[in-house]
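Single-structure report; data block below.
Chain nomenclature is as follows: A, B, C and D, assigned in order of appearance, with residue numbering initiated at 1 for each chain independently.
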Amino acid sequence: MAHAETDVTPITTRTQALEWLRQMLLIRRFEERSAMLYQNGKIGGFCHLYSGQEAVAVGSIGMLREDDYVITAYRDHGHALARGMDPKAGMAEMLGKAAGCSKGKGGSMHFFDAENNFLGGHAIVGSHIPLAAGVAFAAKYRGGDQVCLCYFGDGAMDQGALHEAFNMASLWKLPVIYYVENNFMSMGTHLHRHSCLMDLTIRGGTAYGMPGTAVDGNDIEEVARVTKEAIDRARAGEGPSFIEARTYRFRGHSMSDPMKYRTREEAEKARERDPIILFESLLKERGWIEESAIEELHDAIKQQIDDAIEFAAEAPEPPVEDLYNDITVAPHIPQE
Amino acid sequence: MAHAETDVTPITTRTQALEWLRQMLLIRRFEERSAMLYQNGKIGGFCHLYSGQEAVAVGSIGMLREDDYVITAYRDHGHALARGMDPKAGMAEMLGKAAGCSKGKGGSMHFFDAENNFLGGHAIVGSHIPLAAGVAFAAKYRGGDQVCLCYFGDGAMDQGALHEAFNMASLWKLPVIYYVENNFMSMGTHLHRHSCLMDLTIRGGTAYGMPGTAVDGNDIEEVARVTKEAIDRARAGEGPSFIEARTYRFRGHSMSDPMKYRTREEAEKARERDPIILFESLLKERGWIEESAIEELHDAIKQQIDDAIEFAAEAPEPPVEDLYNDITVAPHIPQE
Amino acid sequence: MPVLQYREALNLAMSEEMERDDRVFLMGEEVAEYNGAYKVSQGMLDRFGPRRIVDTPISEAGFAGIGIGAAMVGLRPIIEFMTYSFSFVAFDQIVNNAANMRYMSGGQFSVPIVFRGNAGMAGSLGATHSHRPEAIYAHFPGLTVVMPATPADAKGLLKSSIRSDDPIVFIEHENLLGDKGEVSDDPEFLIPIGKADVKREGSDLTIITYSRSVITSLKAAEQLAEEDGIDCEVIDLRTIRPLDIETLIASITKTHRAVIVEENWPYCGVGAGVADRLYRTIFDELDAPIGRVFTKDAPVPYNKAMEQSMLPSGASIRHEVRSILGI
Amino acid sequence: MPVLQYREALNLAMSEEMERDDRVFLMGEEVAEYNGAYKVSQGMLDRFGPRRIVDTPISEAGFAGIGIGAAMVGLRPIIEFMTYSFSFVAFDQIVNNAANMRYMSGGQFSVPIVFRGNAGMAGSLGATHSHRPEAIYAHFPGLTVVMPATPADAKGLLKSSIRSDDPIVFIEHENLLGDKGEVSDDPEFLIPIGKADVKREGSDLTIITYSRSVITSLKAAEQLAEEDGIDCEVIDLRTIRPLDIETLIASITKTHRAVIVEENWPYCGVGAGVADRLYRTIFDELDAPIGRVFTKDAPVPYNKAMEQSMLPSGASIRHEVRSILGI
């Protein structure tokens, strides 16, 4: 490509783009099947699906190095898979099996994957936001240039923990990138009923002297582009950034949400901006993939998830005695 | 006065101005004598003096109606006295007596005065900020036009409770006025070491879509003027305001603070802007008071505080059995 | 008497008290337009409007504090925690501002507030979402802790809590919300705070319990009666603080043996608190140590079987009763 | 051996461990430039610099969480709460993120962190500033709760806590900070977590206690010996969770009588937790109910005499010991 075209150079290579498409499809399929397993009573507890928001996790985590860190809230399947978690381990966790990514102790809301520097999966709204600052603090303390990417929803903007962490992250110029995935809903409460301002870049950026950038969260390459800027800034020691990715969740808040607050029209219209379809179109336009290859990809992923489910279904339950393991590094002495 | 001079019309009448001077002197004297009593071991616990900041409480509370509400942090003597608390009740509280404003149960950090709608005296940093929103919520709920004035320090800007309360106060347009008394120190930590931004109106105003105004906290009439704007706005149902009063505390954080973080020069220079001296000069310039009358005022206040101390010293200790009283409205059944 | 679900009984209690007293309002996450995350406030927005049924942001410390402030100046808020596990981010507000306000102000400002919501191990919710906070709140003088086990108690106790002039920590159980039972529709049907209830009379041993464990204990008692001829008295504490120790003493003076059944962790929990007080009061009446059935001392796992293994069960209760009886 | 203040012993423990291990750092309000609100970190900023001695804003939930995050990726933070009363705004971080992280991650992420600071009723600080949180934190599996009573224990236990791979709630007492005692200057002087210490041997009755109450109990024991000829054994728990029940059993098997002395509130507190476990373990060894001396069940008032009247005292300990001995 000639240098005159620099401004339209895609942020990604073809290889990476195809990998991103694969990841988005993997996440989508993983969750569609999870929904079915939930309805059949195979998955318990709370289960929050990421469908519709895949471009945010994939496009941003895609810009990280292996030694960087990722942490997120309870809507965590997407981030875990984008970070390289084996879907078998994820699916086994959903079924509460010993082979699960958290040995069956965490469940859907608490995916962890130390090998991929994926630090969970956190279910108390806002409570992991200080942890992310701590991870970034550690990176800086050790003198490295790793960064930490931290995700949360628009509802978490209203938790005090965010406020405290943001102030310190900015004050100490910690290499953390805070990502609000603004799907405009905190459970059944629309942004305009829970947030004093509609522009979250003011609440998360301006308010703390951090750069605050809004991005179309369904446009994976835009997500990647703004993330890269923030990562570069963090690695250069210039401190944290705040990114507001505007997006839409296709499903209910959790599996038990009847979504009475939405019209069918709204939901259908949102599907037109499905980030996967948008990206498939773009890649086809750009000549990076053909329709037939897309179909092959879909099939391969179907197979991969089928395999994951089979693996998970057949995996053994953890022994009940495992209850007392993994509490502390020192032997746990039950206080009974 | 001719209408052409409107823009220099003082915010206050002569009578009110003299009352404000009296209040500032009362607070100053109350605390100077408290410091001595503390050093003599008559006052215990933590004791935080307000000296240097008097213009903030007096100039702002001075704009309230009787049925409005005031709530503050542990540095509370000034606000209580400005709101009309009898210094006898205040001094008796300092000495832990039954005649104290909190029956000797609260102490310096927990002054209360229900008759004057003075809602405390709160010692956990930031924790009363949601209470203020609640008081305003109640006013609005009942359909009245009372407002609540809430004070806290620059250090409290960093507590999560503030963030949560500010968002809801703005979202629900509650009639509350949030006053940060920015003395640039959170105990021994200067603002630039604890706050990500030096301009607190961004952190407290812009960040929550509230008007944010900075004011010279040592200029009592300026304090009154910006407070009046905020009160009018709140009474009109237009919601909360944030005011940053920039000021200086003359004494240490509490009685046990050796103030090693300050040079003598800095402290002396600050004394030149003593809000009491500034106001005395202004009133003299304006011809509202003469030097001799000022001296008489000082003497009268000296006497009033002497009386308060005598009252407090002679007042009886609460009976030890009072330990179990005032816990709940229903009879307290000790779970022993 | 009408048969209602536990959640409907709670709804009825709030609705009746709101009809009666305009100072009462309900505030919390998803209580209004969503009709409650657990449908406890179903229909209340339609009935009482958005002035009195108030949806909040996810700001527990903030809206707990707003409730306390409103209570200080005369309103009577009901603050719903979606679950009590989320009350931990509002902990300071509850144990300091609600619990101490009246005391620190020398009696000038009381805090007539009800914090309510469900708690307990509802099934595969994991360690952060399965807390049982009753012992923690009961530790603090200034708080009253109420935990109903049946629809009728839910109604009568919630009404008394709303009418109380003091801060109440009212803890429901997620797994009881759908339970049905007869509930009086008398708007003056009140159950006094601080009174335990003998849910089953018996002469051999006293089972002391509360909340969901009442149901498990009653079943175990029936089975013990049928299979072993053991006649247990089952006492539902209903209020954790203040403890109705008189009712316990009366029962143990008759049975001389007791087992405490709870969903709480064992160490420094409610069971320990109650046992300690009983030993100090009626040591000589006891023919054996007080038996204990509790949730095992581990965080709560996601895996269903593992979680189930922690909980008091019919089998573990029967086992403990037999062992305290030396059978 | 050098004679050090309790606060100096804490300082020495931290300083030695920081010399030994670059992953250890200290973070909290006023720990650096102010040299500590209670001068525990005196001189540490000069010695270790601002990278490792870190002043924070008043954001306990925030910096507790920062510590936990840093610990998850390999650092070993010491997080100072100016006093533990302020830990209540960080409650969720401690009882959820610190306590459950290793469990929820199936053992992948441990949290080698020490939370430390003083607690207790330090004198006229009022209800919000006089909390004793030990029972509350000890309730949670996943946390370890350590409370030293002497300078030597302060050093040895803090060093062990810093070297521990698990989250430790290390609670000092404000009124002990100035106490002096011999303290080993051996940088390998460690006191194991989970081991109680017999601070005075005796044969008539076992006093079980911890933190400041150890000092009060030892004095009472001397007076009981001199005046009444009663020979009390005094056991300092040192670790509240896990409880060293073996040491208690050994003692009570000898004395057959026990009194627990604590600054905690009585209901669902440490005393109740310990008593309950003892009854269930060695009911038949006990010749009398376990006596209890505790802080009275009321919020802590400002008035000095009233506050003093709540606390365990020499007189109240001696009274309880005599009464348990039936004298």
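Keep this in mind: contacts are C-beta pairs under 8 Å (C-beta built on N, C-alpha and C of every residue); 3 or more make two chains touch, one makes a residue touch a chain.
Computed from a predicted model, the values in this text were never measured in an experiment.
Interface comparison, B-C versus B-D: the higher number of contacting C-beta pairs is recorded for B-C.
Chain centres here are C-alpha means, and the one lying farthest from subunit A is B. Separation between the centroids of subunit C and subunit D, computed from CA atoms only, is 31 Å. Computed from the mean C-alpha positions, the centre of subunit B lies at a distance of 40 Å from the centre of subunit C. Inter-chain spacing, taken between the CA centroids of subunit B and subunit D, is 37 Å.
Between subunit A and subunit B the centroid-to-centroid distance comes to 46 Å (mean Cα coordinates, whole Å). The multi-chain contact residues of subunit A, meaning those touching 2 or more other chains, are 102, 104-106, 110, 122, 124, 127, 158-161, 163-164, 167-168, 171, 193-195, 327, 332, 334-335.
For subunit C, the set of residues touching two or more other chains reads 56-57, 59, 61-62, 88-89, 92, 96, 103-104, 126-128, 138, 141-142, 241, 243, 265-267, 273, 277, 297-299, 301. On the subunit D side of its complex with subunit B, the touching residues are 29-30, 33-34, 37, 55-59, 61-62, 85-86, 88-89, 123-129, 265-267, 294, 296-299, 301-306, 309-310. Residue ranges on subunit C touching subunit D, taken from their complex, read 61, 88-89, 91-92, 95-96, 99-100, 103-104, 126-128, 135-136, 138-142, 241, 243, 265-273, 275-277, 279-280, 283, 288-290, 292, 297-299, 301. Note for the complex: subunit B touches subunit C at residues 69, 71, 100-106, 110, 112-114, 119-122, 124, 127-139, 141-142, 160-161, 163-165, 167-168, 171, 325-330, 332-335.
Note for the complex: subunit D touches subunit A at residues 25, 51, 56-57, 59, 61-75, 77, 92-93, 96-97, 101-110, 112, 138, 141-142, 144, 164-166, 193-194, 241-243, 273, 277. Per the touch definition, subunit B reaches subunit D in the complex via residues 44-46, 93, 96-97, 102, 104-110, 122-127, 155-156, 158-161, 186-189, 193-195, 260-261, 317-318, 320, 322-324, 327, 332, 334-336.
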